[in-house]
Every structure is written in C-alpha cells, then in structure tokens.
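Encoded as structure tokens, the structure appears first; notes follow it.
Chains here go by letter, A, B, C and D, matching the order in which they are written, and residues are numbered from 1 within each.
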C-alpha cells in the first residue's frame, strides 16, 4: 500500500472546505431564486477545489484579492459565514455593512482579504501593489490574486504581470479557468490552448493544472508560493475547472454545449474526492455525512443570522465615503 | 562577385529615404532650438532605417498608424514635406491645419496614414481595428502599426495582439526598440531580453531584427506583410535601433550611459549604408552627395513654405470638432 | 399604425434595421453574438448577419473600443457595447482621447462614425461599480455626441440616427427601462439628434430631465397636478448637442426650473444645465433652479441605502414645491 | 523667515520632507527615478531614498496606479505621478472605480492613503492630448479629494497634507506654474485641505478660481482696480471638499460672481460652482454668475488657436464688466 502523501486531516479538510463552499452557494442560490436577495450573485459551484486547495496552501497572513465570483475564496480562507450571508442580504451586520453586497466582500483585518471586485481584472494590479508593499517591507507575505480566464484578456493583466516579473514581486496569479466569460468560450477569443503560456512573455513560471482536484491545486500552489516567498518573483498558475451554473444565478447558460456540463459532472470535485476518500479508506461514509450535515447546518445558521439582522439605516448611505472630513465632502 | 540581392534603385532608394528623414529632423531640430517652433517635437534621428525599410515593403494602399515620434514613417510612406513643416509650425497649410502639430500628423486620403498619436500605445487598437475592417471587407490591405518599446508595456498591446491573433487580422506590429522610454531603459521594467518573445503569448510569429539596416528591416517586413496579407494573421516584428537625441528635442538625455551613443554612432544607419553603397560600388560619392544635397534643399523649401504660410484664423478654433451640427455642439 | 414593444426590443430593432440597410454596420462587444447580449438585445443577430458583423469580444474594452475607432476611421460603422457604462473606466482613452479628438486633431481628415451603447443607472442593487450614471464625463468631452433616451420610440429612432451620424455617439440606455413596453411607430423612421421633447405641457414650472428620471418626473407631475400644480416636463433626449431653444422656450413660459437626473450631484450634467439657465436666463427665473440628483456617494448595494441614492417621484415633488414656495 | 523657490521645487520639497518623515511614503511613475522626473521634481531622490522607494515604472498607468491602490490598502503611502493629467484615461479604473470606491464598498474596512500627482493645463502648445484640465471628472467621483494649488506655498503645504491624508487625493499641478518663483515659509508646515484663500480683498465682485487662472484673475483684478472696480479673488485651492463657507462669505459681501477655470466649459467644475451659487445664494446675487472657461473644443496646437482656448486676463476683465453691467 502506497504511503499517502497527505494526512487524513488535510484531505478531509479539503473536502470539508469544498462542501462548505458548495453548501453556502447552494443556499445562497436558493435564497436568490426565492427572491430573497437583491441584485445578482455569481456562484462558484464546481470551482470549489481551486479555492480549497489554493487557500490551504497559503499562510494565514498571506494576502488575497478575489473577483465577482469570490465567495469560495473567502470561505476557504476562513471567512465568517454569518457576515457573508448578511452582506448578501444587504444587512448592517454584513462584512461591508450592506454597502458592497456579494461582489465586494472583503475582510481586511481578519483574513487579509483585500476585496472582491466588480470590475473584471481590477484586482490584478491591486494584488500586485500589495506584493510591492511586501517586497519593500520584506515581510515574507505572498499575495494571491484570483481571477478568471476572461480577466486574463484585460490590459491590466499584461501591465501587472510585466511589472511583477521585472521587479520579482511576491505574488501568485491564479487563473480559475472555467473556460467561459459569461457566454464566451475562451478559445473563441484567444489563440492558444492554455493561458499559462502567457507567462513566457514575462519570463516567469507558468503552469496549467487540473483545478478539480484540491490536492493538485494545493501542491501547485505550494510550489508557486514557495517560489514567490523566496524572492524569485511572481508565478502564473492556471487551474482548469468548471462553472456549473450560468454566469449569474438564474442564467440558464443556454449558450454552452451539453458536453460542458457532462464533463463538469464527471469531474465534479466534490463527488470525485468523496469517492477517493472512501476508496482510500481515509474517511467513512459516516464521517463525510457528518461533514455535509454540519456544513448545511452552518449555512442555515448563517442565513438565519442574516435574516434576523437589521437593515442599515438610510442615514448610513452617506457615511464611510471619506476617512476624514466625510460630512463636508458628501454634502457638496 | 556575389549577385546583389537588391537592385541599385532599391538600395539607393533606402538611402535617399533615410537621408531625407534625417534632413527633415535636423532642420526641424534647428528650428526648434532657435525658438521657431512651439510645443515639443520628438525626433527619429537614428531610427531612419526602420521607417525606410518598413514603408518600402508596404503596398501603397496599406494603412499605418504611428506615434509621437512619427515624422520618419510619414516621410517614408511618401508624405508631403511642405505640409509636414507647416504642421510643425502650426500653420493653416499644414496636414492638420495647425490643429494637431507634430504629434498628430495624419494623411488619411493620400497615404492611408491614420494618424500619429500623443497617447503611448493608443495606435495599437486603432491599427487593429483598421485590420478588422480589411478582414471584413477582404480588401487585402495590411495595416502596419508602429510603436516604441515603451508602448509595448501598455495594456492595449496585450488586448489588441490577443484579438488580432484570435481572429487572424492582417496587421503587422512593428516595435521600434530604441531601448528607451524617455529615460527608462526597457530592461529595467521588463524581464526578457527581447520584446518579440511576447508573440508567444498569442501564438503568433515574433521576430527581432537589426533595425539599423534598411534591407534587413525590408526583408523582415516583406515576410511579415506576406504573412498577414495571406490571411494567416498578425505578426510582431521588433526592430532594434537607437534614438540619437533625447526624448524630445532639447532633452540632454543625461540619464543614458555614454556607451549607448557610442554604439549608436557605430551602427548609425546612414553612414553604415553610405559606406556599403560605396564599397559595393552601388553608388558613387557624387550620387550620394547629390541625394544629400537634394534632401537638404527639399527640406529648406518645406521650411520656407511653412514660414510663408498663414496662421489659422482664431475663428477656426471652433471648426471641425463635429462632422455635423458643429456650431451648436461647440456653443453649449 | 404602431406596435407595443419593450425598449430593449426597440433598441434591437434599430440595430437590426441599420444592419440590413448598411453592410458597414457591425456590432462589437462582450456576449453580443452567441448569447445575443446579456439583456437579449441582439438575439439571433449572429445567425443572421454572421460572426464577422456580430463580434463576441474578449473582456478587453480598451482593445475593442479602440478597434472600433480604427474600423470607423476606415468607413465601418461600428456599434460597440459596454456591458455597463461603469466600464468606461477601462476604455476611457479610446473614448475620450481618440474617438472624441481625432477628427479635430487631424484638421477634419478623420471621420469616426461609431456608436458606443451602454446600459446605465441605478435601482437594480448592483452596487458601486455597476450602478453609475456617467453622462457628465462624456458631455464634458468635446467631440462626442451624447444621447440618453427615455422611451421606446425615441430609443429606436435616436439609435438609428446615431448609427447614421458621422460623429462618435455615446448612447446611454437605462437598464430599468429595458423591460418597459411602449408604442413604437410601425415601419422606418428616425428621430433627429439634438431635439428635446415636451412630454407634458405645463405652466407653473419646467422639469428638465432625461432617461429613466423622465418617467419619475411625469409621475411627479401627475401627482402635483392633483394639487393644482401644473408642471411641464421636458425630456432632453440628446444631451450633446443640447437643445437650448426648447429650454429657453419652456423656461420663458414657466419661470421655474427643476433639473432631475440620477447622476452623482457634484459635477453632474444637471449642474451644467442649472448653471446655464441661471447664467443665461436669470431674468426669466422667479426662483433659483433646483436640482434633484443622486447623493455624492458611491452607489450602495443594500436596498434601503440605494433607495435614497436616486430621485423618486416624491423627491421631485418636494423640489417642485420648494421652488414654487408651496 | 521665508525663501523664494519655484513651484516645482516646492512640490519636490513636500515629497522629500514626507519621505524623510515617513518611510511608508513611496513614489511611483514614469521617469521619476533615474531621470528625477521630466520636470526635474524628484532629482536626486532615487539616490537618497533608493530604487525601492522611488520607482521608475514602465508606461503602464493602469498597472502602477492600480498597484498604488493595492500598496495603499496595505498601509503604504504611494505618491503616484501621471506625466500629464490627460493620461487619466489610461488609468481611469484604478482611479475612479477602485481608489474612489473601495473604502465605501467595504463598509469602511479599506483605507487608501494615496496621492496621484498630475501636471495639467494648456498654454504650452502641447495639443489635444496633453493640454487638458480634467478636474471636473475627478470632482464628480465621490471618494476622491481634489486639490489644485496656485502658489508655491500652497503647493508645498497642501501636498504634505495630501500625503498624510488617509483618502485618495488627486493633486493637480499646472505645468505653466512650475517655473514660478515664490516665497515659501522656512521649515515645516502644512496647509489644511479644504480651505479656500482670499488672494485679494474686494467689494464689487468675487472671482472664484484655482490653479493658474488665479494668477490671471489677480492680474485682471489689478487692471480693473485702475478703473475703479474692486474685485475679490478667491482661490479655492481644494476643489473637493469645497470650502462653501468662504464662498458664502465672499458672495454675501460682493453679490456678484465670476468663476474662472481653464476647463472645457461644458460640464466643468466651474459650472458646478456656478450652479451651486445660483441655487443656494440666489437672493444674494445682483446679476447672473458668469463663467470664463475654455471653449468646448479639443485643445488646438497652433498658438493663435490655443490662445483663444483658455481665459486670459482680458477675458476675465470683460466678464467682470459684463456682470457689473459696465
């Protein structure tokens, strides 16, 4: 029998994180479809292995930026479910006091999470700037920048990776390649099989891995983080995965061929890992069931917290624009 | 005796173009230093071989976009010296009636020159859009996009090359790499030896050539243009050359090591080609002297034309903003 | 003869008719082709006109708007779309420094017949980066024409005019108007650029507005009518060029003005209009012009917060009464 | 005690002092290091503070301004430079959608103590893409503070305050002021953000201005004084937050206003000020507010054309007389 590379704890931990993310997303979807949530939400169902594997490899004090599809990373890095749900509801107890909503969740103090972003690609230079601070301070934190395949076509991708490479900044760029930007398949708007090949333009390492297996992501991330932390510079890691839902919750995604979801289900990170854990006897059916039930309960509790929370008072609309002289600055 | 690859006419033609460009730039510099010109001018002294070689390879009907350092390309493509000088002076007889000045020269009808640009990199998507039109119309024109090494670090470089590659647009991107963006040496802000390696990110051909020899540029451009014209898609051509002057006329360029100008003089396209022409007996001293004298005379004539021309009337400040409803649109 | 269609459908019809009419009209933007646009506006276009003319772009706004400028220079008539007007920040250069200026800077040599369509506006709980109304920035940039229609008829007729216009036109569509079903004339018609429209005649006060706030202004006017206040509602429709004559006419009649828009108030185009009226029609005014706009804040996500951030009919009514001292 | 230095030197001193004072202050921008800035402002800084703190960036404005936002989130105090304010178009997103909004959207979690310096203004025959005055765009975006000093003393004192401020500050420097030599106090001082300054007392009319046009306004005031017209000149210095109290005070005294700026007039911040005065100080006004601004055109290159595109003292004098009916 082959010695397992990872401890039971670690492997089950990956599973737990993925299950918790999915439970969060599914409950959020449920709320959305019932009309309980305003605006739009972008779910990461199918992509859980990337967040789980990548965040597990990060130091607690490492920084990150995420995207419009950022619930998973927040949970994987240890986010508070109550505050997340409350933010999705626009409640005063949310991470952003209801001012940001799903697309702008951040937890700066607690998680060193510098924010999701509604502008595709905008997190890339922000993460790079955070890495610049780390380099100047020599603080050994790496900044991890999550973004989609679509985001890699924004100009700031080029500008940021070029500078990070030129100056050897400690940043890991993680492309979560679900192959779609809304309806647009990546190969219709690019000319290469993989996006990681773009690393060559900056003479930095680039790699494409299976993003449906958290251990693979974890391993690749460890390598990338070590590289960045040791002062060698940035790293581009492309994780291939699937977006199970439409672009936003409720989008039927009719623009995708049926084969996409067939593959997605075949490679679905959660059932795949579940089967592996059982097969390798790393965990029992009972263990896993317990994890799944706990996750559901945790999310229900979060939902209840959000529902029970108060709305922000309309007067709060004008607070927190400016850190000083706020009142005068918003009056005229 | 080796059969010469190019006709005498062609070779002497390269020389003539380069000499004419330099004569233009030197006379413009002279005017500027004497305080006869307003604003700023950016001279292409040292870079003449790129414009001469590249434009000679282009069809008359091919399109181009240029940069703040764009006098050379305009002359090489057949630009009217009188109108150029008049534009530098801000006279009404200039290419842009004085409204644009040195940095905005265009000759749309005559030369298919879609304009210089004051925003570094901005010509890149414009040229790409022109190529898109050619592709849709199937008109067999290629668009050539000239820009500097510094411009290749703008986000639009990435966005444009990616789309051009994905859609196989007939465009040739020519990086005139004089190694400096104002004071900033390219290797201080990039991580690769050559910029042409960036073509790999888009799976398109990329090549770096000696930009001080017009025949080498010509040959490389022929290949690139053929490639683009045949429907295979875009091509990235990096031409290594030298900017003899400072960034703008009058900039002492104290930020550059002495070795830069030593190399620049050693490789200076005009004396190098002059020596070759004489050595290969392609032209006599007398032939070349005649070309040089003619060029000087042509430029003096252009200068006189500019000096003799009228200033635009102040009332022209408000014309040509809009193609229709101009008056109403500029009043309120 | 007329038919009742949604505003988004009217916009689709305008593009469709112009694409049939002129093969140089092309569409570029994210999800315009296979998906037929996130609001369904171009559904079926790609099949009909081909992938060459209905182009799904990558998320590269500077790139494809810049390409539109280049294609327009060549004689194409690109109709580009920004998925939200908030994304003008990632393509401000091709819009503000290229499209707007190239004609002038080349002494009239270049003509840039392009349209950039962009959904705008708040009320959909889309938070700070998806809820802005940025018309002021475009109006401030000479060289651009700016249109912001409020009705299906105008949206269709003005978009057709915009596509035929030889200048770069910013065409702003309020997301919350898309679903409105309204009467549209049958058959071919265009609506001239640069003409405001009196949507409701009145004698006591002029409300000047555009886009979705026209509806709210009309609603406010109805409510005020019940109290005997007789308000005129002027829909600017085109912001640049501005139909000053219509403003003069109305203000000279009512002598009182409220300008209503969804913009951030500070630096709004509503402010420009308020200033022009105060500067040039001072003697016509019985009271200071009042503006009803958004707050000077980032658009908040939470419904109770967002609801105080754009003018509702009640806010407009309050402003009208303030001006009329009632 | 005071000394006479150029405005560019004053700006350099402000950065130098703050870099000495706080090691988290860093400088980013094109040609800021080895060259010491195209206007010579940071000459010697790189040798003194090291290449880590005085960073020569590639021509990647979105990238390095976005990086400034990220570094500021971490507690750095980046002072980024755009070589000209016209280039805000290539980094509008990090400025308008990130720096301005991130604090609010995260419910106050993020603090972004960054400054973006940018030369502005016309008069140097730099043509359409290098001569704009784009303060209106920044003022329209909540979350940004906007400063545009007119004197060496203010430039230095305000830049020091801006660097210490915890909000993103847009710091606009007129290129044609750089060479002016003026008195600056010796030793350490700061100038508070958000306070206008009466540059000349007067009783007949208030000129409100900022940046280079303050000088022209003072020149106009001197000329008018010879004709017995006694003009007050108010230099706003900070555009956001606006020192409304100082405006009220002056307008309540003079009852006549001219607002002067170099901006494109349509949609200018001058228009916002004009509107606010007309809206809120209507009863104080003896005559309509007049604006003296640039034309609604792209900045032309040719000297005789450019000269009609920004206000000169004679234009200001004419406007003052018009308001005063003289």
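Criterion: a contact is a pair of C-beta atoms (placed from the backbone, for glycine too) under 8 Å apart; a residue touches a chain by one contact, two chains touch by 3 or more.
Here the structure is a predicted model, which is why all the values come from computation and not from measurement.
> When the contacting C-beta pairs are counted for B-D and for B-C, which pair yields the higher total?
Between the chain pairs B-D and B-C, B-C carries more contacts.
> Using C-alpha centres only, name the chain that sits farthest from subunit D.
A
> Which whole number of Å gives the spacing of the CA centres of subunit A and subunit C?
Centre separation, subunit A to subunit C: 36 Å.
> Where the CA atoms of subunit A average out and where those of subunit D average out, how many Å apart are those spots?
Taking the mean C-alpha position of each chain, the two centres sit 40 Å apart.
> So which stretches of subunit D touch two or more other chains?
57-58, 60, 62-63, 86, 89-90, 93, 97, 104-105, 127-129, 142-143, 240, 266, 276, 295-298, 300-301
> Could you tell me which residues belong to subunit A and also touch two or more other chains?
96-100, 104, 117-119, 153-156, 159, 162-163, 166, 188-190, 321, 329-332
> Within their complex, state which residues of subunit B touch subunit D.
Spelled out, the residues of subunit B in touch with subunit D are 38-40, 90-92, 96-101, 103-104, 117-121, 150-151, 153-155, 181-184, 188-190, 255, 311-314, 316-318, 321, 329-332.
> Which part of subunit D faces subunit C closely enough to touch in the complex?
Result: residues 62, 86, 88-90, 92-93, 95-97, 100-101, 104-105, 127-129, 136-137, 139-143, 240, 263-264, 266-269, 271-272, 274-276, 278-280, 282, 285, 287-291, 295-298, 300-301 of subunit D touch subunit C.
> If you look only at subunit A, which of its residues touch subunit D in the complex?
Interface residues on the subunit A side: 63, 65, 94-100, 104, 106-109, 114-115, 117-119, 122, 124-136, 143, 155-156, 159-160, 162-163, 166, 319-325, 328-332.
> Can you list the subunit B residues touching subunit A in their complex?
For this pair, the touching residues of subunit B are 153-159, 162-163, 165-166, 188-192, 197-198, 200-204, 233.
> If you look only at subunit C, which of its residues touch subunit A in the complex?
Contact set of subunit C toward subunit A: 30-31, 34-35, 38, 56-60, 62-63, 86-87, 89-90, 124-130, 266, 295-298, 300-305, 307-309.
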